[in-house]
Amino acid sequence: MIIMNSEATNEEIANVVSEIKKYGLKADVSRGAYRTVIGLVGDESKIPFSNFAALPGVKEAMPIETPYKLISREYARMTEVEIGNRVIKVGDVEIGGNEPVFIAGPCAIESKEQLFKIAQGVKKAGAHILRGGIFKPRTSVHSFQGLGANGTEEASEALSWLREAGDRFELPVVTEIRGESHVDLVAEYVDIIQIGARNMYDQDLITKVARKGKPILYKRHFGAGIEEFLSFAEYIVAENNRDIILCERGILPLGKGRNYTRYTLDLSAVPAMRKETYLPIIIDPSHAAGRRDLIFDLSCAGIAVGACGLIVEVHHNPGEALVDSQQQITPDELKEVISACRGIHKALGQYRRNRD
Amino acid sequence: MIIMNSEATNEEIANVVSEIKKYGLKADVSRGAYRTVIGLVGDESKIPFSNFAALPGVKEAMPIETPYKLISREYARMTEVEIGNRVIKVGDVEIGGNEPVFIAGPCAIESKEQLFKIAQGVKKAGAHILRGGIFKPRTSVHSFQGLGANGTEEASEALSWLREAGDRFELPVVTEIRGESHVDLVAEYVDIIQIGARNMYDQDLITKVARKGKPILYKRHFGAGIEEFLSFAEYIVAENNRDIILCERGILPLGKGRNYTRYTLDLSAVPAMRKETYLPIIIDPSHAAGRRDLIFDLSCAGIAVGACGLIVEVHHNPGEALVDSQQQITPDELKEVISACRGIHKALGQYRRNRD
Amino acid sequence: MIIMNSEATNEEIANVVSEIKKYGLKADVSRGAYRTVIGLVGDESKIPFSNFAALPGVKEAMPIETPYKLISREYARMTEVEIGNRVIKVGDVEIGGNEPVFIAGPCAIESKEQLFKIAQGVKKAGAHILRGGIFKPRTSVHSFQGLGANGTEEASEALSWLREAGDRFELPVVTEIRGESHVDLVAEYVDIIQIGARNMYDQDLITKVARKGKPILYKRHFGAGIEEFLSFAEYIVAENNRDIILCERGILPLGKGRNYTRYTLDLSAVPAMRKETYLPIIIDPSHAAGRRDLIFDLSCAGIAVGACGLIVEVHHNPGEALVDSQQQITPDELKEVISACRGIHKALGQYRRNRD
Amino acid sequence: MIIMNSEATNEEIANVVSEIKKYGLKADVSRGAYRTVIGLVGDESKIPFSNFAALPGVKEAMPIETPYKLISREYARMTEVEIGNRVIKVGDVEIGGNEPVFIAGPCAIESKEQLFKIAQGVKKAGAHILRGGIFKPRTSVHSFQGLGANGTEEASEALSWLREAGDRFELPVVTEIRGESHVDLVAEYVDIIQIGARNMYDQDLITKVARKGKPILYKRHFGAGIEEFLSFAEYIVAENNRDIILCERGILPLGKGRNYTRYTLDLSAVPAMRKETYLPIIIDPSHAAGRRDLIFDLSCAGIAVGACGLIVEVHHNPGEALVDSQQQITPDELKEVISACRGIHKALGQYRRNRD
């Protein structure tokens, strides 16, 4: 990080930026009211900080030791880039704003009819954003991989249904991307691109998606520590895209004996991450629980712990869903979840305001 | 399990019980309105079930495969022993009843004055039960082990302070026990005996404590699966003591990089265990988080997820506490926690009633 | 899986294959001496097995429940495709054959000179295959990402050095691939393509690499169970590529307190996987340990537990390496490792022969 | 730690010791050739080190930050107490000496006849020490708990069989202890007392057993980090008992899907711990694997990684064992294991000598 003198000229700043580029790094210039800070994006070990400290207009030049900085509250405060929490606007919906946001829809899109039926249901239940899977990451090659697995044509068709359903029911839409070759296609149709837990570490994919400039719903891998998760999210900001919705969806279960939930929803990660970063955080109770009868309780806990929204799998007839049928809830159940979450959010309003 | 005919006589029942004893097992007789069920406590593999099926008055005789049964809702319904949730009464306090219960106090008792000051504080803040550690399990032999480590005399003195503080402020009291040799002593002074996470697997200690007949606050080990936890709780019921308060206090953190919380509070274990057992479940946000600034959020999440209470470490001046100073909150902060939790409990009331 | 009658005609087989394709699946036809078995590759839930059982020439038609089958010993025996262990030939080197195979080289290629110096060293030490990283997966965007990060030109140059070094010292070469866009480029230069731990779940990348038909060194993710690992390896076989070298490189460390190794090398996974699959398995002690002074012991343990080779990071001057300097050993240390491993392999020879 | 001047008198040393006692700590005095070091055992936070530095004869007085020190190589070197590896003699057997040591016997003693048959078998196979369980820690209260569960009389009888078998076949004997109330009884009969994985954290039990002065076979809990394990072992040395055999027996398995081993044998913990402590380390492949067919491979790996012995469950007829039948091997299989392990030990001899 390079901090300029308060009277540093534009030329001096430009000079520092051009010096940084010589070393193969990018510069992230933040002009605050009182000073300008230049962040380094890339391999800092190449930079001779003492030489930089001697350049005209430079007040201080020093490496930052943490694996992430651009997404941190600390750096944001220092550079005055983000003060308070980042609010991401998608259409009329604000993620990270004053009200909890509910993303809902089928695990996998199976047909246009199925999608529209569910989209209508979740809209009526009070959801704000429609989800629907087209490229499904699956453990077994012998399981249904989503309609996107059948080639570009079917993928495009399914994407167009999603777009259409979103438009019809006035719901921005989100779908998961699994491979680099679909980035352009998916970005054409959706408002938010999801990078799923299994691709959390896939830095080439992350970078490619980040460059599209669209909001990204970024899920924590089930074996990833919080520091790793935030460090990989930094790959997105490094492409100048700060519209990141972090999502906790459960970590590996621990201990002998049978598992009562598919994963362990790490709810304490929500407030822990909120102390670190200004990015909005949501939770996914469906994949964490892997069973319908815990969705209500986990959703309530998610809002109570400070998440600013939920992503929930909903199906009008869960029993016949092709994927994850045992963890999807009905639109009516979603309505109850949303109503309960709003009650908690309201009950906590005064305490949260006092604490922020 | 042996199910008797509806018209089985007392003699027939007594005969089955005496047959069971011949094999070195104990019998758990449950007389319901319509039938009598005799549970086997001990090593079932010794029992010739087909011989038992042939005894007079016996309808069915069969082994139960799960590692726990006496504490399960399923067995409780079958035997009509416990229908609904178990409510444990300690003085005027009901654990597992209609209102959330708050247990609070210092991690370790340091002096009579410190204890009384904190007891007064937590009472005013709205807590129901007073906690205070005398025998502290510690990772390092070179750390403070609690006043109980200095011999029976000091242990008794600290216990008498706890008793006195409880009486003065009308708060039932709980303390942790670490070794078999202190069971009699501790049982003399306290209302609830705590078996801590590190002793969860210590079946000899569990059995000895269970026999005292007092309510037990039983904490899950940080490496234990839910099935293991419930199976070891069964050792308590096997001694005919059903006054067990299960407590989730965090499991091992997972993933590379620095840990942002000391343990991972497994909140989804609460509703998962509630489906399995009729016993009340509370959470301990203090040991899970290991940091003061997450206690509020985790407490709210605990109540929202369905816990029927909290155990929280409180100190009038956390900075000077001898143990766990970084995770204790003040009485004023406790008051805010309790108030927020009550708000959530109230907001969720109608939904919970509909679902039970 | 569809088992044909022993007298089934080619036409009948072709008919079944074409029926399978109608459902969007691929067919894996294995003609054994006594019968022909047709495996289904893809989503089996779509297949009406009872209809298939009624087709001419079909003896049995049934789904297989495990998430992997094509790579399993059991299926291999049934279909007579692979009996015994698969041996993968790369040039003159046999992986999975009678002698342990040693893959060695720098973590990251830094310059042509550095690579050639190390290549010469590992050749002299007795290594069989040369490794060298060009695209480095890194947790922090602010760390060195390998020469491949600087664009196609530099990537090609580094790849050509690797090729040249391999040719000069008669060592087949392997490098890791991180993103789909480099598959064609990398395949041009190397003998074995590595898919690293962080990309283990990246099924689009796996599929694309598998189609190149080259041997794949496939590493287990540090949070993946064995079943998951084998299931994702199945994505490679589903592309008709059976030249897979499975690699265990350490799983997440567990437990409180400081970690003494970077990961926990799961050595028992080696014999456990050998019972399941005919594929060769190697271990990577370097990334697992993360410290130089344990490489010798872990290498010995790897060969003793039944691995058929090692992949080890070697640098002529570990202290100055740009990546992972603390875990690389010198060529002289490698020589000692290889010699000790050969001693163990020899000492165990008679026992292994008796048991196979 | 307090370091005395080289010319410090006995009186000065005694004075420091008595000062230490005033603060409720114990003193561990090590007189080396050139200086005397006094270790503090207990809560160091109470000690005013600057005051101690001013006492006559004191050269330096300072706290030690690590949670363990008495068992560390570093402290041992400083105090000259233990240089090199500790060798524990039990009868004619040396644990931690030049040859690997094999402890074998039934999981649980079922009858005198069974025990004698197995004892004879393991002796013939080349084992050095006989194990046999009398108090079995079990997850389910409904499983067989060992003969010790039936009361003191049966426990004494089983212990006397073990003693007798040991005497008859010239094998020192070891059994596990589970509760404080059996310490005196067990110590009367056996040569080595085992504290099992589930009691690793039970500091009251540890202290009581340590005071008996007998060698202790101390197993790592399956959820314990290495630092925790060594820290709890320090409780034994704090009672002036350095005859501790550390045992790695597997940690919690990780990852989704079915487990192929019961636990994950953490073999890298062996060399990692050897760098930290002078205590001998053995491994238990039986409980780690939970399946017979991996015992041979894991045993070989254990010796290859640097363990100085094994503890293996053996039964003359594993299929009929009351506990853990699926993981016990026959005496013939044990013979093969021992022979292979000796081969590895020999093959590694020269390398180990060069490195020590």
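Note that the chains take the letters A, B, C and D in the order they are written out, and that residue 1 is the start of every chain.
To be clear about the criterion, a contact is a pair of C-beta atoms (placed from the backbone, for glycine too) under 8 Å apart; a residue touches a chain by one contact, two chains touch by 3 or more.
All values reported here derive from a predicted model rather than from experimental measurement.
Separation of chain A from chain C in touch steps, taking the shortest path, is 1.
For chain A, the chain whose average C-alpha position is most distant is D.
Here the CA centre of chain A is 38 Å from the CA centre of chain B. Centres computed as Cα averages put chain A at a distance of 48 Å from chain D. Residue positions of chain C with contacts to 2 or more other chains are 67, 139, 222-224, 228, 231, 252, 254-257.
Across the complex, chain B is touched by residues 139, 222-223, 252, 254-257 of chain C.
By the touch criterion stated above, chain B contacts chain A in their complex at residues 67, 223-228, 231, 251-261, 264-273, 275-276, 288-289, 293-294, 296-298, 300-306, 336, 339-340, 343-344, 346-348, 351, 355.
Against chain B, the residues of chain D that register as touching in their complex are 24, 40-46, 64, 67-69, 137-145, 150, 178-181, 198-199, 201-205, 208, 221-224, 228, 231-232, 234-235, 238, 252, 322.
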